[in-house]
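Down below are the structures I want you to see.
After this come two complexes, each holding chain A, first together with chain B and then together with chain C.
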Partner chain A sequence: MTTSTLSSRAGEVVTGNVRGVAAGVSRELRELRRSPDQLMALVTAPLLTLVFLAIMLHANRHDLAPYAVLAPALLVLWQMALQTSGDTVESERENGSLEALVATPSPLPAVIGGRIAAVTVVSMLGFGESWLVAGLVFGVWVQVFHPAAMVAIVLVTGYATACSALVLSALFVTTRSARTLQNVLTYPFYILGGVIVPVALLPMWIQPLSRLVFLSWSSDLMRDALTPAPIEAMWGRLGMVLLLGTVALVVGHLLVKRALDRSRRMGSIGHV
Partner chain B sequence: MSETAARDRPDVPTTLPAGTPVRAALASTRNAWADFAAIYTPFTWIVGWLGRIVAQVIFFALIGNLLGSQEQVRYLYIGAAVTATAMEALLVVATTTRERYSGTLPLLVASPTRLWPVFLGRSVQWIPSGVATGAVALFVIGPLFGVTFALGPGVAAFGILVLVAVSTYGYALALAALVLRFMRLRNWATNLSYTLMMLVCGVTVPTAFWPVWVQAIGQVFPLTHALDAIRHLEAGDATAAQVWADVGLSVVTALGWYVIGAASLERLASSGRRDGSIEFAD
Partner chain C sequence: MWRIHTREVLSRVQYRRDVVSAVGVVGLRREFGGRRGQPVVVALQGVDLQIPEGEIHGLLGPNGAGKTTLCKILSTVLLPTAGSASISGYDVATETAAVRRLIGIVFGGERGLYTRLTARANLEFWATLYGLRGPAAHLRVDALLERLGMERWADDRVETFSRGMKQRLHLARGLVGDPRVLILDEPTTGMDPVAAKDFRSLVTSLRAEGRTILVTTHDMAEAEAICDRVTLIDNGAILATERPSTLGSWITRYARVSASGVPDERVSEITSAVMEIDGVAEVRLTSPGALLIDTAAEGAAPTVLRLLLDLGVTEVATTRPDLAEVYLRAIGDRGMRIDR
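Moving on to the complex of A and B:
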């Protein structure tokens, strides 16, 4: 095979993936406008902010208000990605359109990735929502002491969330129990991710496992960005989020591809 | 259809006369159990559902650790465990409204039986399931978080947990009747109700924390009163009068919701017949 043929082939792959992602983003944005159910997490986030904040204020722990404000936003981020990764495959399967989607030239991981990416960007509204509700209802205006770092952490966390959701969608392609899997991956994941209680306060035996969850690094970093002290080892910790996200992206891509190959061979895409 | 074929059809194991509400409700429970068996295997219920609920309860209890207070750990643990039972009862909304998605609602409306007994029995699977998840969290895992009951109060607390499921079922039935008219609210109604209960029913902070008007909202939920009784039973400071007062309030509010639910369902059926607004699917 000549060099020009190889580069032409690589170009086609890149173009196919870009088009797939763009199609996924466009499709998801249309879906979000039509199906407000998908924005459910954003609707419950303000109430959850009040739930968490009430706990802290009732215990006279105003210093923990930032924890209460961050937690619902992180829950929204994960819930929406989890819901999309599961529902995308499940709804296409129920609709009978999964086979057609798989048969198109665009790679399925790119289309799913695009849909998840769109939802992840929208779910970031949860951060502003929680912050605003805490201020308006309880008069607790949480100060962001390191705004530039906070923006970087949120963006990298969004990237890692979308990549992790791709791994989940691979599991959803091969299982009929998507709903069960979605249930399992909520609260256990929130505990491991240190969403409201920092990993350092979890039992020692669970901490190494927590550190394999990108959210545990993200939540610690975000809480640090809300305190006046300089953020220790920020780049290294941010790098861990990026690394875990990228590992998930590679694994997710391979898993989706492998699951599809197997489903194609078995003829079981629509009825696993 | 021949008489033999009609006799061979599976029937409800009851001697109650055909057409009575109790018989219709009992017959409807068949759907509930079949639905439950279709959704869960023992493995997926234990790992997927029970595991998730226990993790959810522990999640809230850990906030007590963050606050550095064992008392808060217990308070949050009990609140989250009992609310898990109520949360499951709220699934009535999903199973009730599914009849409209499935296209069976017009058939139910057209049948000679009233609508409310059908839906009264349609979702009973969530009552034992909710009681089981709440009981495992409260009595099996609870001691690890300092939540313990003496034998007598423990038995009473279990009975009140059953009351939580049955009473919240009534609230959820009324909510489902509303959602059947506004199907787009299906998931919103359940999730918002659950989060609202967390907020105003004394689940995570005492109701007294809130302004009086918020406390008043909390009083209409049966959970508020039942949870208060369970907390006293666990603390060992419950008087019979206090517990019975809480149980009484829980029963009264639940009855109110059952009546609202039944009336709303009948109204839905009658207005649907009149104006043809019950279509085969949304």
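Moving on to the complex of A and C:
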């Protein structure tokens, strides 16, 4: 195979993935506009903020207000990604469109990735919701001491969330009980990700495991961005989120492709 | 035996070397099951099929014959257990990217569309997957909506569509990638007669554009109306590939007449009278008072009907034998003629 053939093939692969992601993003945004039920998780963010903040303020722990604001937003971020990663494949199967999708020139992992990415972007509204509720209801306006860093952390976290959800969607391609799996995977990630309780407060034996979950780095970084002290080793920690996300992207892409090849062999792609 | 085998092998090699068919299928086999003690179900057994470019080819057979399995393999959704299949020379199992750029697939039924989106949004999504963006995608989508007579409903949600409109949208979706080979799996299921007629003229116009169309159906009339050639498939095996007119004449020739309410005391008299008609192959008493008359010549069935009415039997009907039966009887006759 000549170099030009190889580069032309690589170009085709990149183009195919880009158009798959573009199609996935555009369709998901259109569907979300017409299916507000898929945005239900965003309704829970303000409610959870109210609960967490009420408890902390009642205990006179005003210093924990940033925790109460961040936790619901991170919960929503993960919940919506998990829900989409499972529902994407399952809903295409139920809809009878999965086989037609597989038969297009765009790779299915890219289309799924695009849909998850769109949902992840929308779920970031949770950060704004929590912040507003804390301010409007309790008069607690949580200050972002490092706004530029916060923006970078949120964006990289969104990227890692979408990539991690792609790994999960690979499981959902092969399983017929995707929704059960979704429920099982929700809470362990909240704990390992230090979403509510920082990882440093968890038992020692669980901490190495939690460091494999990008959310544990993200949640710590976000909390640091809400404190006046400089963020320690920010770029290294942010790099970890980026690295874990990219590893998930590569693994997710390969797993979805492998699961798809297996389904083609077994003849189970369109089976509900 | 040896000669036949050699001829088969040579013809397969010939196909691969000399003719790049739009659709080429050689010794295709597909099995399902066989794991954890499940029984093995053979959906396709050694199917050979060549469809030249620009042909409308019908795949005709009853439910469970293997039509959809073949379509799924050709559309790269399913891998064959053995044998090979290609689209314009590209192997469907190993050169999927090239195949997917060449094909359009329409699976039958209402499912497969995004019902909360409009017809236009549905098509734009699929257009993007085929590499069309911006003005090019809009142009293609508009042209297809117009071609399928759906401009008025372009911005309506699909969930408000009738079954026939959904079928039209399915067809538009299948065409959005400008395919050279279009695979239509039972595309007229649920269509009303007017929509089915429109569908037929659409398919004919697609052939005029040089596209190759593989259409599965279990409706002989539909196959006759649009196909250049028809392949009969049953139990995963191809029975014959013929022009539709040939198959049509077989079916007419082997029409069956059933009579009921025949008094017991008159059964033998009526049987003898019917057997005297030229072209009657067999008369059977299927239940008390019910006769089934198989014909084996064109024009025999109307003569039988007239005779039965003359004899005072008024509960009569004609039925078509199933295609596999027609084929076996036709081939059997041909074989007898050769033997003579």
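Here is the rule we go by: the second predicted complex is superposed on the first by the 271 of 272 C-alpha atoms of A that agree within 3 Å, B and C clash if a C-alpha of one lies under 4 Å from a C-alpha of the other, contacts with A are read in each partner's own complex, and residues count from 1 in each chain.
One rule holds for everything that comes next: a residue touches a chain if its C-beta (ideal position, glycine included) is under 8 Å from a C-beta of that chain, and two chains touch if they have at least 3 such contacts.
This one's a predicted model, so the numbers in the text were calculated from it and none came from an experiment.
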Clash or fit (per the criteria above) of chain B with chain C on chain A: fit
Which superposed partner A:S106 touches (first chain B, second chain C, both, neither): second
Which of chain B and chain C A:V184 touches, first, second, both or neither: first
First (chain B), second (chain C), both or neither touched by A:I55: first
Partner chain in contact with A:E12 - chain B first, chain C second, else both or neither: second
Partner chain(s) touched by A:R265 [first = chain B, second = chain C, both, neither]: second
Distance in angstrom between the closest Cα atoms of chain C and chain B, superposition on A: 10
Residues of chain A that lie at the interface with chain B and also at the interface with chain C: none
Complex contacts: residues of chain A adjacent to chain C: 12, 15-16, 19-20, 22-23, 26-27, 30-31, 34-35, 95-97, 99-106, 111, 264-265, 267, 269-270
Chain A to chain B touching residues, read off their complex: 36-37, 40, 43-44, 47-48, 50-52, 54-56, 58-59, 61, 64, 67, 177, 179-181, 183-184, 186-188, 190-191, 196-198, 201-202
Sites on chain C touched by chain A in the complex: 30, 32, 72, 75-79, 97, 100-101, 103, 105, 107, 109, 111-114, 116-117, 121, 124-126, 128-131, 133, 157, 173, 177
Parts of chain B lying in touch with chain A, wherever the complex brings them together: 44, 47-49, 51-52, 55-56, 58-59, 62-63, 65-67, 69, 72, 76, 184, 186-188, 191-192, 195-196, 198-199, 204-206, 209-210
